[in-house]
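In the part that follows, the structures are each spelled out as structure tokens.
In the two assemblies presented below, chain A is common to both, partnered first by chain B and then by chain C.
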Partner chain A sequence: MNYEESKAVITYTGEGWNANAKSLLEAVGADSFEWRRPLGRGPKHVRVEAALFAAAEAPSNRPMIHTFWSACTDVDTWRSSEKDRVERWIRSIAAGVEWLVVLAAPKVADKARTELKQSERCISSRDPALLRRVRQMLLTAISNEEQRLGQEVRRERERRNEQGWSFGEYLALQEQLAALLGTLKGAEDEALVQYDELDALFTQFVRNASLIEPPPWLNSFSAPLKEWRGLGIDSNARFAIVNSDASLLQLRVYLFTRQLNLLLKMNQPQQSQKRISSQIAERCLPLLQICSNELRILEVDFPEGAASCWAVQVSLQVLHVCRKYPDQVHSLPAATLCDYACQKLFQLGELLGLMPGGQGPSSAQIDAALWLGAGLGPEPPFGGEQLKEALGSPAAFQKLYLELAELALGTFKHLGRSRSARQLGHQLANFHQLRGDPHLAAAYLSDALTAVEGWPTLEIHILSQLAECLTGEKLAMARARLAASLTLELEVRKQHWHQLLQILKTLDDDGCVMPLEEVFDLVSVTPISGHRQQAYVNINSRLPEAVLVNPSLSVQTSLPQVSRKESNPRGRRLRGNFSACLSSEPIKIQPGLNEFILNAQGDLHTGHLSQLSLIMNDKMDFVSAEARLGIIEVKKGETTISVESGQLLARMPQKFQLRFTAGTDGIEEGTEVTIKAPRGLSLGDGGRQIVIELPKTEQGQDTVVTLEAIATPPSAKSTDIEYGLTLTSSLWDQAYPVSVHFTVPVAASVKLHTAMKTKFLQVVVSSTCRQRLMLSDPTLELSLGTCTPLPISSKPLTLDPDRPLSYIWQLEIEGPIRAKFNVNLTKDEVNGAYNCEFELAECATMIFVNSKVAAASGAEVCRANAMCHLHLTVEASEAIGYSLMYELLADQSMWAVCGRTAGVLNLDQPSHNLVLEVMPLTSGFLPHPQVRLSKYIPANAGSTHPKLEPFGPGQVYNKSKSLQVHVLPAIQSS
Partner chain B sequence: MAVCVAVIGKDNAPKYVSCLNPNMELDFHYKVHNALDVVEEKMSANGKASGDIRELYLGLLNSTDDHKIFGYVTNTKIKFVIVTESANTSLRDNEVRMMFRRLHSVYADVVCNPFYNPSEPISSKAFNETVRNMMAGNL
Partner chain C sequence: MSGCYYFYIVCHTDSPIFEMEFMPSAKEPKKEDHRHLIEFIANAALDLVDEHMWRTSNMYLKAVDKFNQWFVSAFVTASNIRFLVVHDNKNEDGIKNFFMEMYETYIKFSMNPFYKQNTPIKSIAFEKKAQFYGRKFLTS
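And now, the complex of A and B:
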């Protein structure tokens, strides 16, 4: 069915029909107008074209309107005869069909409208609304037909699982609907929907066929393929489809051709060109893939290569169509399709012996090619003759293949699909290699190699292919990489390794430079600075066998340009400046971890370790990237000294060591060193200077000298004292300072105790050095008076760090004196002495104080909240020439002082008795209120205010110190 | 169900590739690698689209006569790729999504392992087990 056959029909009758009327009606399709549709579908702007037929010749079964053209121009004739004729004509028209009476004169038209009571259907031929009226009626007719067909299609579709339903018949029905919609210019998408529905329905049926028992009509599509024509409308094919006698490819091609035609029709407005032409290519690839799948599901039999042949043919045709839109040849769908066609063509080429480099096709292959070519049908309607040609000759085939591949490759690159492009390039490389062009192949493969960086499996695969295309140093590098690829089998790696060794023999003397990390992992470089510069290098070899290399490590004295980026990390690596370097004899590097030491050759300056180079067989140089691997320093070393000692104690002979570490020049036998000690430190036999002789010492070796010294710090105030020793010798240009620390071992403090008039002195000795010491023979020397040690054991006592020791003497002294305390110290059988001096102020007892608290007013006991008396007695041991001030200092939470709290006593008599009033605030054993006595110096000419002066320690003896008073609870008043 | 499952790192290098049929491994490596083009394209398209809720599932990336390749990308730019057979017409889009979600959660478990270094290939038993189940069709 074509669209001409499904155009709407306008029939004409009557004498008024003439050429004018004909040309008038032919203009119906010239203008579009709005088509409002039922069922909530949006309005569309469409143009309607119609075919004109005389009433008698009109085809049936088409959307149709009838027109009657009257030639009558005056009202009388109308009334007498014409009206009857028109009425008769109207009655002859079937119900539901649109009709229109066209009258020659407007006044007759007016008359007809009133008399026939059909104001809408009578119109003057001169009325400008005529065309609009005709269009509207045509559209109504088409709408009615569309609804009728639509219902029928839906009904049939519901029946699709019933027995006897046939896809062919259903297709014929839905095509009618599609054809009807196709007559409306601007509603092609609606027609396309019909074909898409058919497509989807069929796809679903085939899909289900793999799961459930397929309906009988589907069996015809499983028939073996006899031909595999490309796109094009073939009336035989349609007939076969409707009669369930078509092959799968016939149906697919038919549906796709229809869709393609509709898409091309829709392609009229310029702005949508892009969308539609890319839609064509986009629809094509799924079609090809679905077909390939469906052939499998339906188990269709076909000669080998036929499906590929068909797929290439269809692709070529679609690409040919796309080519009409120049910018669209380079769309992604077109490129993808092109790529797909390439794959299929490649398969065909291999099948038919058309690939380059072979013997050419065998006779069986030529037969097969002829057979496949014949299956493509007579002449393809959309172009694409190239395939037939290509099947016939290897040259044409190769030309077609390259054309397609390069088109796809270019488009992929242009669109940023780098991986797709490179994968295609990879295939092209295979092709070029077959063609005997390894250079081009290598170029494509190298490109493909960069795309798969990080994918070891793919890298190795491409690299092994690349190795086949390379020669010389590039081949050597490729072999080295392959030999170092841990993903490969060991045997394969060994093969590559042996090939590498062979290649190296053929290389010229320049050899090649290769990035080190392709083969070795540089684990660490540890510079060892000093007089002899060395570096430990730790590398991991991935080679399958041991290799003898000449190692060297360059030293950059100027700052290397580390920031310089290598534009191509896989590319050639440059060997930097190795004029200053660390190196060694050739070493054997085993597979796996290796450590070796590189030594400086000749004089070096301080610099950065920069590049490691391993030269193998004098030809292949593995060079690491330039980097700062570490700093190597040159030191002109002097002999150094360190002090080694434990804690050194002052005031005792102590030993410590001086460790001489020989510098770069070593130490000569008998080198004299003079050691000077500062004041307070005596060396050896007691002098402050000694001379020692050193033995011969090699560079870096040590000599230890032990010294004995006694430190006598001037005062005991600080416990830690630093002494600076000064060493002078020919070893150094200047004096060499060394410091030694001493700790004072003990500290002593004194306390004075008084009992009435008797005085005692306690010396407390504590350890300050956290070490256990033995103390013996304590003595106390007084400047005046005598002292008697209280009898304690004369044996040496042990002084522990946390337990001070005390010595006590009874003193018989007058006035202020100075005392000197001496004690011998012993530590680990080394003896020393400790002494310290202190001064004692006037301390003879002058005043005795006695206080007593007693209940007041005859009560027997003290009670809380009851007044008590404090009896205070002050006695002077001898007459003193000044007054005394007393103050009562009572704890306010326990005592309330009720009367006087202070007063002045004039000690002109030896004893004073005072009674003061105090009140205990709580019950219990309360400490006595304190009484403080001070010297009272009344105001006189010297000062306007009286002055108080405290007594020295021991001058006032409080007899009742620390006495307590028993206070009973207050009596509860009843 | 799945015939190949791959996890690809931020740098587009593979962290894990497993195939049902070991003989096809090279082929699948190429397919998965090739699909990264589409992943990148879709990621940049997603990036441009407004809306902060990002769809992680990228849908169908590529299809060939025999296979369909689906993609998924996490917020940290880790890509998951699942290859299924085209002949398996009963596989629904939702099932593919489920597989990806499952894969994502097992991957998260792998990354949570304090002994796993994210720059290393995945060699987790639990992850392997899940992938094997996916390929066996026991989702």
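And now, the complex of A and C:
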């Protein structure tokens, strides 16, 4: 159906019709007009073009208006004859069709308006409103038609699942609607919607066909393909479609061509050009993909390559159209389409033997190419004749392929779609490789490789391909990477490895430098500083086989120059300065973890361990990145000494070791060392200085010397004593200090006990060294008086760390004395002695105190809350020349002192009896209230206040100290 | 072969710094050929991720690409690290939750002063978290 045919129609009748009128009506489409539409759709500005027909020749089935052009210019003629003619004409018009009577003179028009009672439909040909009236009527006619068709389309669509419904017929109907809308300039998008609906409906049908039983009309689309023409309107195709006799591609091409035409129509400068034209390429790719999918779903049979051929053809045509819009040809959809076409073309090329590098197409392939070319049909309307040409000759094919690929590649890059570009580059590389241009292929592949860095399988895939395009050094590096790739199978890696060994033979002497981490993982580097510089290196080899390498580890002795921070492009590893390095004999590195030791050769250096280099076959140098792997230093060490001993006990002969570790120069045979001890420490046989001779000792070796010493600490106050030894020798410039720690093994304390006038001294010995000791022969020497040890076993006693020992002597002394305690210590058959001195103050018993609590007079027993008497007796053993002060110290929770609590006794008689009143507060066995006695020195001239002086320990003996009194509960008063 | 998820964290230089597969527990893991395809799809989707992320203010970009039965869902962190999940059945909410949790985990991980940006993530704790969230939101 041609759009020209579907224009709205204006018919004309009457003598008034002439060239003027014709040119007048032809201007109908010159101006746009607001089209108010029903069903809530927004108004649109449209232009209506109409075709003019004489009434007799007018086609039917088109929106139309009828016009009657009267030539009558005077009112009389109108009345006599013209009016009848017009009325007859009006009656002949079918109902619902718009009509208009155009009269030559305004006054006749006025007359007609009143007489025909149709003021809107009679107009003078000179009236300026004539055009507007015509347009309005045309729009009304079209609107009516649109509504009618729209309803019909909707009704048909509802029936789509009924038996006998046919897509072809439905398409014809909806196309009418589309065509009608297409006549309105400015409403092409509405027409496009109709085709989009058709497209969507069909797509849905095909999609459902894979799930449910397809309707019979769909079967025709499953017919084998006989031709695969590109875009273009083919009236036969439309006929076939309507009759359900078309192929799938025919239908798709037809729909898309319609859509394309409408898009192009919409693509007028005044429209938003960019938006619409970008849709052309954007719509094409889904079409191609959907089609190839639908061919599969419907199981359409077609010669191999036909679908690709068709896709390329359509792509080429669309790209050709896009070329008219310079901004479009470089748009993303166009590039994607181009990319798609490239892929399809590549497939075609492989199928038909058109790829470079081969022997050219075989005769079968030539036949297939001819067959495919024939299927494209005659000259396509949108360009795209290149494909036919390309199918015929490899050269043309390659040219076309490169053209497309480079266009897509350039556009991708331009739009910043770097990964898409690299993917396409990857494909292009295949092509160039076939063409025998490995350099170009390598360039594309290297670029593609950067895009997939870190994606193991992709990387290896591209790298394997890249290896095919490289030579020499680069090839060696690629092979090494492949051999070390854990993604590949072991067998494949071994192949790469053997190829690498072959290549290395052909490399010139410069060899190549490769990053170490591509093949080995540097696990750790442990530097050992000192006179013998070493480094332990741990690496993990990913190579499939063992390899013999020359290892070396550079030492960076100076700071790197900051300004020379050069950019290190990937794969280009620079070998740093190895003038100072640790190295070793060639070593064999097995697959997996390896540890080896590198030694300093010749001079020693101080600096950072920087680069590890493993040179294989003298050609390939695996170098790690420059880094600070650790610090290595040169140490010119002196002989050092350390003390080795357990816990050393004072006052006993003890042994300890001095370990001499020889420094860089070693120790000469017979070197003399003088050891001086401080006061309180005697060495060897009792002196404070000894001289020892050392044997010959190599550097780094040890010599141990054992010394014996006795420490006699001056006092027993501290338990841990440090002694500083001073060693002098030719080994050191200055005296070498060494400190030794001693622990005092035991500590002793004394306690004085009194029984009436008898005195006992208890010496408690406890261990302070947490070791078990044997104690024997305790003695106590007094400065005055005598002492008798209480009979205990004279056998040695064992002193455990947590169990102190006690010795007791009965004393017969007068006045203050000094006592010295001695005891022998034995530990592990080593004997020592411990002694300590005590001061004892005056301690002879002078006063005896006796107290007794009894119930107050009348009562027999003590009761709580009842007054009791405390009978206190104070006796002096001999006359003393001062008064005594007594104080009652009662526990306030048990006793309440009712009367006096303190008083002064004048001891002019040997014994005093006092009665004090106390009241027990609770019942039970209560301890007696305590009585404290002090010397009372009354106030005299020297001091204004009396003074109290306490007695020394043991001078006052309390006979009733631990007595208790039984107190009964208080009597309950009723 | 449905219900598989392949998770990638892609750094600024387009290299994956973390990858993990999530399979429904009943299924045997597939062989290498599959892996090549998945990597290919994930890598190819990066262009689309870069394009999509300017179109929305959300970090979760939903499905950005589709290849045969495979979908690629993406998430872009504030520092432009891209999370990709290649999956073969729709699970928009699950993937979103998974991404959010992994984002949290990744942030915590990247705070570690000993972790250098754009280097592979080698952390057992991180892997365990990923596995846990994968089980919780994807394969359960």
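Things to note:
Operating definition for what follows: the second predicted complex is superposed on the first by the 834 of 974 C-alpha atoms of A that agree within 3 Å, B and C clash if a C-alpha of one lies under 4 Å from a C-alpha of the other, contacts with A are read in each partner's own complex, and residues count from 1 in each chain.
Operating definition for what follows: a residue touches a chain if its C-beta (ideal position, glycine included) is under 8 Å from a C-beta of that chain, and two chains touch if they have at least 3 such contacts.
Worth saying up front: this structure is predicted, and the values here are computed from it rather than measured.
When both complexes are superposed on chain A, chain B and chain C end up clashing with one another. In the superposed model, A:210 makes contact with chain B only, not with chain C.
Look at A:289: by the touch rule set out above, it reaches chain B but stays clear of chain C. Once the two complexes are laid over each other on the shared chain, residue contacts for A:342 go to neither chain B nor chain C. Using the contact criterion defined above for the overlaid structures, shared-chain residue A:461 touches chain B and also reaches chain C.
When the shared chain is aligned, no partner comes close enough to touch A:482: not chain B, not chain C. With both structures placed on the common chain, the touch criterion links A:442 to neither chain B nor chain C.
Here chain B and chain C are compared by how many residues of chain A each touches, and B touches more. Legend: residue contacts after superposition of the two complexes on their common chain; A:417 is shown touching both chain B and chain C. In the superposition on chain A, no contact is made by A:322 with either chain B or chain C. Chain A residues 416-420, 423, 451-455, 457-458, 461 lie at the interface with chain B in one structure and with chain C in the other. In the complex of the two chains, the chain A residues touching chain B come out as 207, 210-211, 286, 289, 292-293, 296-297, 416-420, 423, 451-455, 457-458, 461.
Within the complex, the chain B residues that touch chain A are 11-14, 17, 25-26, 29-30, 33-34, 36-37, 41, 63-65, 86-87, 89-90.
Chain C meets chain A in the complex at residues 11, 13-17, 32, 35-36, 39-40, 42-44, 46-47, 50-51, 120. The touching residues of chain A, counted against chain C in their complex, run 416-420, 423, 451-458, 461, 487.
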